[in-house]
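Both complexes below contain chain A, partnered by chain B and then by chain C.
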Partner chain A sequence: MTSDVETQDAQFDYDKSVVGVNVDLGEFRLSPEQVMKYCEAMGESNPLFATGEIAPPGILSSVSFPGSGLDAKVKFGNATFMAGSRMEFFAPIKANETLHVRTKVKEVYGKTGRSGTMVFVVRRTEFVGDSGDVVAAIEQSQVHREVEAS
Partner chain B sequence: MSEAQRYFQEVDLGDEYEEEMTPTTELVRTFLGLNPARGGPGDGRFDSDEGARSIGLRAAIVPGSMSFSIISRLVHDWMGPEGTVHSIDVSYRRPVQQNDHLKLLALVTDAEETPEGPRVKLDLYMENDRGERPLQGTAVVELPQRA
Partner chain C sequence: MPDAHGTAGTERVRPIPQRYYLDLHSHSTDASDDAGGTVEGYLKWIVARRKKGFQIHGIVLTEHRQFDPDVDYSDIARRYDVVVLRGAEVETDVGHVLVYGIDERFTKQFDLSNVALPYADIFQAAYDMGGFAVGAHAGRPRIGLAEHVDTRGVSLAPVRAIEQLNGGSNDDENGRALELAEAHGLHRVGGSDAHFVSAIGRCLTAFAHPITSVEALVEALHSGDYYPVTVEQTLEAEAE
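So, the complex of A and B:
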């Protein structure tokens, strides 16, 4: 038996004009040293990443970019949490390769279940290599909800 | 842990792979220190139990991005150096608390030759000692064929 029911009537406000609008966040480059530091911290032992020239794809979830993109300005709840992440990889993430980053708010929706109403913001971020091809994409879903301090 | 190469022909549906890990407070600090410019939520949920309690949590938690990195490592260890990850998709079902001992599990649910290559689908779980599975997900991986 499922308790979560998708609702159309969850009451919340957000800026609809930002949905689907891609914003360039600039570019970044991973150094082999950064890659090796990440591998050491996370206990990555796959020899593929040993020299730091190829990065474990998960490293993209730990880097920051020059900006964060448009804000959907969701007016709901008093706390936000990560709800989910989907990463797709189309080519190896190489150290010293410049990656151009663009992001957009893909969708905003409400859902009401056993624990009340929650509002989800799904953001898609793409990493584009020098060739112009997307080498990786991340979709992150963030949930806004009401919580009480414990 | 991932010195041995896994080949597509050796994979069977239902195969399981398991590792263990404890994301200590120190390890969380190291992870966050990898990129100090990355902003956090600003409520102290990763820094202290007090910060976590201010938003209704029991104790300081592990960032979702770090949980993703932890489960990614499991996939990398499983596939070996010649494997290729195509996607990892996870749901954060409940917060991962710092210093919780975690079992990391991968279960083969599909393996087929596709026009793009031999693909294996894994179910992924992170399980704590309370029997909770705070993270669940799937991965699609390409493995080499044994000659």
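So, the complex of A and C:
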């Protein structure tokens, strides 16, 4: 199902049915050794992470999974690029705890600026502990826009 | 009325008569996708600026494409002794528009997330429903009124005021907005368009009387007795 949304410059449509639908990407577990290697590589010297039992929050950005969740299939513009990301941390990331990862298209919206109309796709990826509580979340924005040929 | 860009040449700066200064255009992390400033961060910055002699009495949060009637900043406003009011910045077929005094009727009639709202309807509905609308950053390309007037000849019949001095616009853009206002007899406001803490209060609107509610703001905007200023123009006059 697609949804047409009129904009100042052009129409854009996307698959509205994917918004809010979570997709499981898998699960992983960090070992203390992996945490300590990460800290060494990043020059992380905070004693909180010294034993590897608690991981620095940024370690989550180095985790990757096959697959990337549902595609909003935005039909707009001729270029896409990263428009920003933010991370939220709700609980310590513990070694040897299984984290379940799920992702969804959180929202799709248009906005206008000096250079024209842009369409943003915001994806939210959550890391969930065995208790069912969200330990951390990453939101990434991708922007679609029309880029003039140089 | 002071020049919106301050004094020219080598004229001595004259103290402006006591006015009430509000920043009519700002965005926060609470609701604007592209903002990095928190409301508390803005208020702390204003307190610091006041200590240096700048006069900023309050701000209006005009978040992008939305308005939540349940949000209330009165506690934090009281704590920092800064007036915090709320409006919205919506997107229309002639650029962005600041709307103050939004009520349920307005949000029922218009989907604020639509980036091509009909401007004439927005302006008129704002007035009819007890609010006020202002053409935001009027001199900017694409998203400011001036370009749409110049290239498409859109009517300014429903427009009473524009944001002539915008903290995120360059001098040319603010100048273009000034030309538009003067050519069409539009009232002018100033706003920072702050998305980050250090930008808040950069440009302001100077009102004749204190304003501590949205109702008072709307009434003042209807009066036409206001003008845009830069924060530097609010510096309390030094003793001679």
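Brief remarks follow.
To be clear about the criterion, the second predicted complex is superposed on the first by the 132 of 150 C-alpha atoms of A that agree within 3 Å, B and C clash if a C-alpha of one lies under 4 Å from a C-alpha of the other, contacts with A are read in each partner's own complex, and residues count from 1 in each chain.
Assume a residue touches a chain if its C-beta (ideal position, glycine included) is under 8 Å from a C-beta of that chain, and two chains touch if they have at least 3 such contacts.
The structure displayed is predicted, hence computed values, not measured ones.
In the superposed model, A:Gly110 lies in contact with chain C only, and not with chain B.
In the superposed pair of complexes, A:Phe28 makes contact with neither chain B nor chain C. In the superposed model, A:Glu148 makes contact with chain B only, not with chain C.
Put simply, more of the residues of chain A are touched by B, taking chain B and chain C as the two choices. Touched by chain B in one complex and by chain C in the other is not one residue of chain A.
Of all residues in chain B, those touching chain A in their complex are 1-3, 21, 27, 30-31, 34-35, 37-39, 41, 43, 53-58, 63-66, 68-70, 72-73, 76-77, 79-82, 84-92, 95. Against chain C, the residues of chain A that register as touching in their complex are 5-8, 109-117, 120, 122, 141. Chain C makes touch with chain A in their complex at residues 33, 64-65, 91, 93, 95-96, 113-116, 140-143. For chain A in complex with chain B, the residues that touch the partner chain are 34, 37-38, 41-49, 56-59, 61-64, 68, 78-89, 147-150.
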